[in-house]
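Here's the structure we're looking at; comments come further down.
The chains carry the letters A, B and C, assigned in the order they are written, with residues numbered from 1 in each.
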Amino acid sequence: MHLNSIKHLRRRQLISASIRGTVLFFTVLTLLPLVYILIYIIKQGIGAINWSFFTQLPRPVGETGGGIANALVGSLIIVGLATLLAIPIGIFSALYLSEHPQGRLAGMIRFCVEVLTGIPSIVVGIVAYDWLVKPMGSFSAFSGSVALSIMMLPIMIRSAEETLKRFPTHLREASLALGVPYYKTILQVLLPCSLSGVLSGIILSVARIVGETAPLLFTAFGNPYLSFHIFHPMHSLPLLIYNYAISPYDSWHQLAWGAALVLLCWILLLNILTRMIIRKWSVRY
Amino acid sequence: MPEPLLTHTSDKQLSSASSSAEASRSDSRSRRLASRISHAERKDQLFRQALLIAGLIVLCLVIAIFLTLIVGSIPSFRATGIHFFWGKVWDPVTEVFGALPFLAGTLLTSFLALFISLPFSLSIAIFLGEYFPPGKGKNYIAGVIREAVELIAGIPSVIYGFWGLFVLVPLVRQLEMKWNVLPYGVGILTASLILALMIIPYAASLGREIINMVPAELKEAAYSLGATRWEVIRHVVLPYARTGIFAGILLSLGRALGETMAVTMVIGNTSVLPKNIFSPGNTLASVIANEFTEAASKVYLSALIELGLVLFLVTTIIHLIGKRIIKQFST
Amino acid sequence: MERPILEVKHFHAWFGTHEVVKDVNLTLHRNEVIAVMGPSGCGKTTFLRCINRMHELTPEARTEGQILLEGEDIYRMSPIMLRLRVGMVFQRPNPFPHMTIYENVLAGYLLNNIKLSRSDKDAIVEDALRKAALWEEVKNNLKKKGTFLSGGQQQRLCIARAIAMKPDLLLLDEPTSALDPISTAGIEELLQELKKNYTLIIVTHNMQQAARVSDETAFFYMGELVEFAPTRQLFTAPKDQRTQNYITGRFS
């Protein structure tokens, strides 16, 4: 009886160890293609990066050289505008939700935020087209920004609400007991104490939409020239990557790899920025 | 010392004996104070309203999105009716619109991707959630792997598609040549593969969080009974996390259904019912991405919008069910 | 005879349908320390929070009856105005974590955008911190954040913050229950100093503390004000049997 169970035990331990090895193996196996993708992009992209890459416009088909200046500027403008549109609605509705932890309306709004989280990006593009491109009669950076801001809202609201909810009641009461009006208590005590969380939520939502292509396909549409006009079509990095990737021209493929690398670096920087903000600006209570 | 904000009680007794100038100054002070306070109360009102309005905007946004899709689909629905959903032919030239090719393409690619990715996502989830959970500081490598997974999860879809077009497609083409199939390179299989690669980081971090949520007391009870590591995982962790993992699968499915760019770039863009996994095809998302800007007629555009409505409803329902299950699981 | 600083007339308070404060009648005079004591759940904290209308912050809160601050009905004035005249110190020290010690003392002014000259601000800060017996310990560290102080120091900072507003009345809700015995003794000493310039109402669950610090004591039981008398008299010759039972420890 004794010997039997010892033999069993060894077998069981062997199985456990081999499972652990299998899991490790599968993990590494999975990560290999993913890391390979990353390395591939970096390798292809580095070759395309030089000064004229950033400052020049794309050349017509057949000519070599050229750059992504219009797409880079366009991305900055479209994303910047989208952020400006999303922040007031996002932060204020997050404030509403954190101030009303119960309440039927708050529950319905939270449900809507959940719906927005799951909405496919192409559907957002359809809606923005219907609301802005059709009535305005032309594609525009503005409609692209509206589409992107719709995608930013759920991330911003969810992250901000989480942070704001953690603000302790007794600090709020300390402010109110000093005769400070409600709105000042929120804006000058609650928000500053929650700033790191709210700010990082905003930056994360930017990182999420910086690479989105589908919502821009029929809103911002793209533009071969450098444009600052938000009510005209505008180019952007993801649109450039898409258009050039599916084209048959090698020089365009090169540009697209460079643009892909730039895009990845942008996203990486935003993520690092988020970490730094959380580390440096967190208020302990 | 500065003037007191409000006349202090002891000051009041003194001020009755002081000059009228003093009295009128304290009067104007209290008037200023009173008006300041009524301003503050009005601003409080406005502020509360502003918060409410922001919340209502979010509410109306979702309702408006839903209504826009429905209204936009009406011309197509009037033209084709219910047959839309099992129509096998999608021909914009003759204005015959059937959604079956895309429903098939979407379901095939998504489920195949889910199927392919499952063992890998689960491995990473168990690896990071059970063997090397965060905070234990056990392993530097595990931390690096976790960071890498988060980073890779942030790679945009269009870049995956780009890579897929230049690396995966030639690979699949070679495979097809070896198996004596028409070597398109693009097609349902390629799209499923790239979708699987995209789902894995997402599903892995979901799974890791879920597995982390298994209460330590349960595991400790099993260990104290002499169970090995694997036995604890198999008989305690996984069964407990079963509903959470199922919800994670649903959420990954929802994510896969809505994926547009990577799929569009490698699926072959053929609006025909796929014969097998090697044929090119289209999904709901990819056909919209490809044909929306070229849709000349009203019914054509409306048919695409109707596809968008179907996509919206399916992904939203799956997403909400998944989220609901996770919420119940974590309480 | 001076007007009493606080008059409470037939005051009731409810949370929803649950009546927590029943028909309280009370008159308080200036420059005294009044202790409000009783077993937990007796309504003493709720009563205190009604005086500066913080009770209203809870949904489903309702009150009836009058509270007059220096003859003015507190329910006829703006709650903001009321809270500028009545200061509060809470159970847990709660200096604002994003403000320095200097800014914390001035918080009532800063948050209300009341413009003061630099010299005025310095004067207020020094005066309030001296009165709170904290000046010597922090005068060289005014630019540090408030949360770096010890518990007792943080509580004195909160007291300084409250008295910087020169309130008519200062409410203290179990101010030492989160503190160690030495800090507690320091705060109790401070109260005796503060009553020279202010009137203080202190809620305490510790009847020895009530006996030590107060001039008059109010004993609450199950929402009712059972007895209100000069402290010595209440503790040596209580008029009500329930007071007697509480003091002798029949229930706590």
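Keep this in mind: contacts are C-beta pairs under 8 Å (C-beta built on N, C-alpha and C of every residue); 3 or more make two chains touch, one makes a residue touch a chain.
On a predicted model such as this, the values are computed, not experimentally measured, just so you know.
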{"item": "Chains in simultaneous contact with subunit A and subunit B", "value": "C"}
{"item": "Chain whose Cα centroid lies at the greatest distance from that of subunit B", "value": "C"}
{"item": "Contact-richer chain pair (by C-beta pairs counted) among B-C and A-C", "value": "A-C"}
{"item": "Mean-CA-position distance for subunit B and subunit A (Å)", "value": "11"}
{"item": "Averaged-CA centre spacing for the pair subunit C and subunit A, given as whole angstrom", "value": "49"}
{"item": "Per-residue overlap in subunit B, given as positions that touch at least 2 other chains", "value": "40-41"}
{"item": "Two or more partner chains touched - positions in subunit A", "value": "181, 184"}
{"item": "Shared interface positions of subunit C, touching two or more other chains", "value": "80-81, 84, 112, 165"}
{"item": "Residues of subunit C that touch subunit B when the two form their complex", "value": "5, 30, 70, 78, 80-81, 84-85, 109, 112, 114, 116-117, 120, 123-124, 127, 165-166, 168"}
{"item": "Interface residues, subunit B side, partner subunit C - complex", "value": "1-2, 4-6, 8-9, 33-34, 36-38, 40-41"}
{"item": "Contact footprint of subunit B on subunit A as seen in their complex", "value": "12-13, 15-16, 19-20, 22-24, 26-27, 29-31, 33-35, 37-38, 40-41, 88-89, 91-93, 95-97, 99, 105-106, 108-109, 112-127, 129-131, 150, 153, 157, 181-184, 186, 207-208, 210-214, 217-218, 221, 238, 241-242, 245-246, 253, 256-257, 260, 263-264, 267-268, 271"}
{"item": "Residue ranges of subunit A in contact with subunit C within the complex", "value": "168, 170-171, 173-181, 184-185, 188-189, 192-193, 283-285"}
{"item": "Subunit C residues touching subunit A - in the complex, by the definition given at the top", "value": "52, 54, 57, 80-84, 87-88, 90-92, 94, 96-98, 107-108, 111-113, 147, 158, 161-162, 165"}
